[in-house]
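Chain naming follows the written order as A, B, C and D, and within any one chain the residues start at number 1.
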Amino acid sequence: MRLPDKTTTLEEAVSGIADGAVVMVGGFGVPGTPFTLIQELVRQGQRGLTLIKNDANEAGMGVDHLLAAGQVDRLITTHIGLNAHAIAMMNAGEIEVEFCAQGILAERIRAGGAGLAAILTDIAADTELAAHKQRIEIDGKRFVVETALRADVALIHANSADPFGNLDYVATARNFNPLMAMAAKRVIVEAERLQPFGGLAADDVHTPGPFIDCVVELGDLSKEYAVVRR
Amino acid sequence: MVARAAAEIAPGMVVNLGIGLPTKVVNYLDADFPVCLHTENGLSGIGPTLPVERADRNLIDAGGAYVSTVPGSAFFDSAVSFALVRSGRLDLTMLGAFEVSQSGDLANWKIPGKFSPGAGGGIELAQKARRVVVLTTHTDRAGNPKLKADCTLPVTARGCVSRIFTDLAVIDVTPEGFALRERAEGVSAAEIIEATGAPLALPAGDTPTF
Amino acid sequence: MVARAAAEIAPGMVVNLGIGLPTKVVNYLDADFPVCLHTENGLSGIGPTLPVERADRNLIDAGGAYVSTVPGSAFFDSAVSFALVRSGRLDLTMLGAFEVSQSGDLANWKIPGKFSPGAGGGIELAQKARRVVVLTTHTDRAGNPKLKADCTLPVTARGCVSRIFTDLAVIDVTPEGFALRERAEGVSAAEIIEATGAPLALPAGDTPTF
Amino acid sequence: MRLPDKTTTLEEAVSGIADGAVVMVGGFGVPGTPFTLIQELVRQGQRGLTLIKNDANEAGMGVDHLLAAGQVDRLITTHIGLNAHAIAMMNAGEIEVEFCAQGILAERIRAGGAGLAAILTDIAADTELAAHKQRIEIDGKRFVVETALRADVALIHANSADPFGNLDYVATARNFNPLMAMAAKRVIVEAERLQPFGGLAADDVHTPGPFIDCVVELGDLSKEYAVVRR
């Protein structure tokens, strides 16, 4: 026995995304955002997308390119305060935005990845975020039903990957990536370094290979990955 | 039958082999065959079983056997391990059985009053693997059929079994019930029908043997 | 007021400092003080903020500032990060505010028609930290009280705030409403009452200053 | 700033457990079972315990000592087939046993650790394991409500720990340990090695220190930790 090889090209990996797809995108700010996969999705031009991402990056960066190109109908997110362009599109009705409490977005994605139907929580129960959500009573207390999120495709940024798709992440670039890597039908990884089989210690793998479908090795990193000078 | 069952594994699959007969399937896979074996206690990429002299005290499979890793193995916790199963990343599981019904119900975890150790991870494997096949003797020790119209024991999961490998035959569970696909060398269709506790559809022409 | 707020942190605590004024509290903690700073994007054990020249592109706090680690820091994913918050492992959070009501309701995430970027992790911090204190100017830019009988803006969480540190005073939220605990040096109780939009109980004797 | 030190003695750590406590115990078979913490709990003799553990170890090992000493009223578990003594006690009514599907036990513990009230799943819906559990309908499908589990105390076995309680695990000794380490009011760790602060790389920590209350360094390992010769 040996483990299967899932390495492929950038173009091939992203070409599996259809118009109208629900796409999860890793990252919290710059760290962990798969800028190269996003740029290829802009180049290929799939439209009518629903994006699930913690934030909307900043104007002119990352998923903002998808917004600017009119490829996105809907965004499920927690905070888009650093992207004035996204806020303007939302206010103009050019994109529909669903806000979720950050940890609950994380748990809804994780629940999707864990094959659960929903989680029950009291978070945001007093706020408009949960105003229209189903509630149920357990032992006399009422909880909000937060349904699991799954996607057609997840775009993941990893520090390193082996050909089977075992991944590790670095520092705060981990964030939503391991959760989204479990929660999509097709999971595409861009990795800064491709390791040989056995190059990642089995105890140090952050996302196990069985969750991954395509591994793309990055060449030189674009400027979007760099430290932001404000 | 174990060799025949091994041929059920396609290249690239993620596979969980249940305790007992299914575990032996691994001996029929080529060194170069691309497959990922999963065990629910937290390992993808199981390597060969090791004798106690060479065992790592921290490295077992879900049945308690001392196993090893391969290049590209990964360890994870029990929540991640079953997330993989429930979210559809397990392509195939091979399980043992007390009973299989003609609608694919599986009973393999409890015999009321006799055997009730708990279900372990068996329910999730049976319910959520993309394909569930059973490896079992065709009859129990008393000679009673394990393939039945309905399960009489508590079920593990309903309608989950696709195919059954026994010492006598390969039998599919179809919308119309059990269908004979292959006979063991030297076993007649009549003998298989006799040992099966529910109607068995025969192939139109000759039945291949294994 | 920031120095005064820093004294709120007890040895051994796990603390999350919100964006804005609260972030500055870190400058008032001794090098030898035992505390664990948490940021919701996945780090326990935040070290000093770094200038861009020395920044690591992969190491930010939830506000986007480039930070560093200390010996014993740990990175984790966003689910684990909020598990820590929701399961009661966050001893204290210090947050900014648009409004705080006399029953401890906090509004700090949305101004309808003007400011609606989403709540980020603020709701969980406000709702689940063991103790929530607010750092804010006593009034808004137009001079209107931020401490009110009721919040007029959408709330972040109800009844969550224990204590408020402002440029004028330290005020507790009690079952009977706002209670003055300390005055800023040179500020009279009358001025504080004037700047507060709900009844304010005064201490029996002298009010300490900070 | 520096991180707090949580190292303590075995006796001190376990003395915080009260009669009647709900105690989670890590491990799946031998790997990851905190044999030393269990032995100290036997020595101190707290009674009326509810144990939450994947299995009951084997007769004469691990939690079986607690069963044999009559310290356990109730066991929430997935499979006790390797411990004939535990099965006999169950059949004789000397302990009450609640069985749960293994991955659902893991998720219920994780939900407790994540501050959720419950998860919704279709697992075991057709079996007697879920026969008496609450069900709710979402989008026309019915799901079982599996409530979160939390404990008064969790007993955790780690490979190494630093004084703040950052932990790593080795191989299949990880299993339920990281989940239980999030889900108890008081979390006690036995570690094979105590590392200095900074001895675990921040990216390789499996359980972050904020979840941990007490760290006990193990001396020489008892025979129970060794390879089992059958």
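Going forward, a contact is a pair of C-beta atoms (placed from the backbone, for glycine too) under 8 Å apart; a residue touches a chain by one contact, two chains touch by 3 or more.
On a predicted model such as this, the values are computed, not experimentally measured, just so you know.
Colleague: If you check the contacts of chain C and chain D, which chains show up for both?
Modeller: A
Colleague: Could you run down the chains that neighbour chain A and chain C together?
Modeller: Under the touch definition, chain A and chain C have D as mutual neighbours.
Colleague: Hey, which pair has more contacts between C-betas, B-D or A-B?
Modeller: Between A-B and B-D, contacts are more numerous in B-D.
Colleague: Please identify which chain has its centre, taken as the mean of its CA atoms, farthest from the centre of chain C.
Modeller: The chain farthest from chain C, judged by C-alpha centres, is B.
Colleague: Using mean CA coordinates as chain centres, what's the chain B-chain C distance in Å?
Modeller: Centre-to-centre distance between chain B and chain C: 56 Å.
Colleague: For chain B and chain D, let me know how many angstrom lie between their CA-based centres, rounded off.
Modeller: 29
Colleague: Nearest whole angstrom, what separates the Cα centre of chain A from the Cα centre of chain B?
Modeller: 35
Colleague: I'd like the Å distance between the centres of chain A and chain D, where a centre is the mean of that chain's Cα atoms.
Modeller: Each chain's C-alpha centroid was found; their separation is 32 Å.
Colleague: So which stretches of chain D touch two or more other chains?
Modeller: Where chain D meets two or more other chains at a single residue, that happens at 107, 114-116, 121-122, 169-171, 202-203.
Colleague: Mind pulling the chain C residues that touch 2 or more other chains?
Modeller: 43, 75-76, 79, 82-83, 85-86, 128
Colleague: Between which chains does touch occur?
Modeller: So the chains that touch one another pair up as A-B, A-C, A-D, B-D, C-D.
Colleague: Sort out for me which residues of chain D touch chain C in the complex.
Modeller: Residues 1-5, 112-116, 162-164, 166, 182-183, 196-198, 200, 202-203, 205, 208-211.
Colleague: For a test of understanding, state which residues of chain A touch chain C in their complex under the given definition.
Modeller: Counting only chain A, the residues touching chain C are 28-32, 54, 77-82, 87, 97, 99, 101-104, 106-107, 109-110, 121-124, 126-129, 169-179, 225-229.
Colleague: Show which residues of chain D lie in contact with chain A when the two form their complex.
Modeller: Interface residues on chain D, with respect to chain A: 107, 111, 114-122, 134, 136, 138, 141, 143, 145, 147, 168-171, 202-204.
Colleague: Give every residue of chain B touching chain D within the complex, in rising order.
Modeller: These residues of chain B touch chain D: 39-43, 52, 55-62, 64, 66, 75-79, 81-83, 85-86, 116-121, 123-124, 127-128, 154-158.
Colleague: Contact residues on chain B for chain A in the complex?
Modeller: Touch residues, chain B against chain A: 11-12, 14, 26, 29-38, 43-45, 47, 69-76, 79-80, 82-90, 128.
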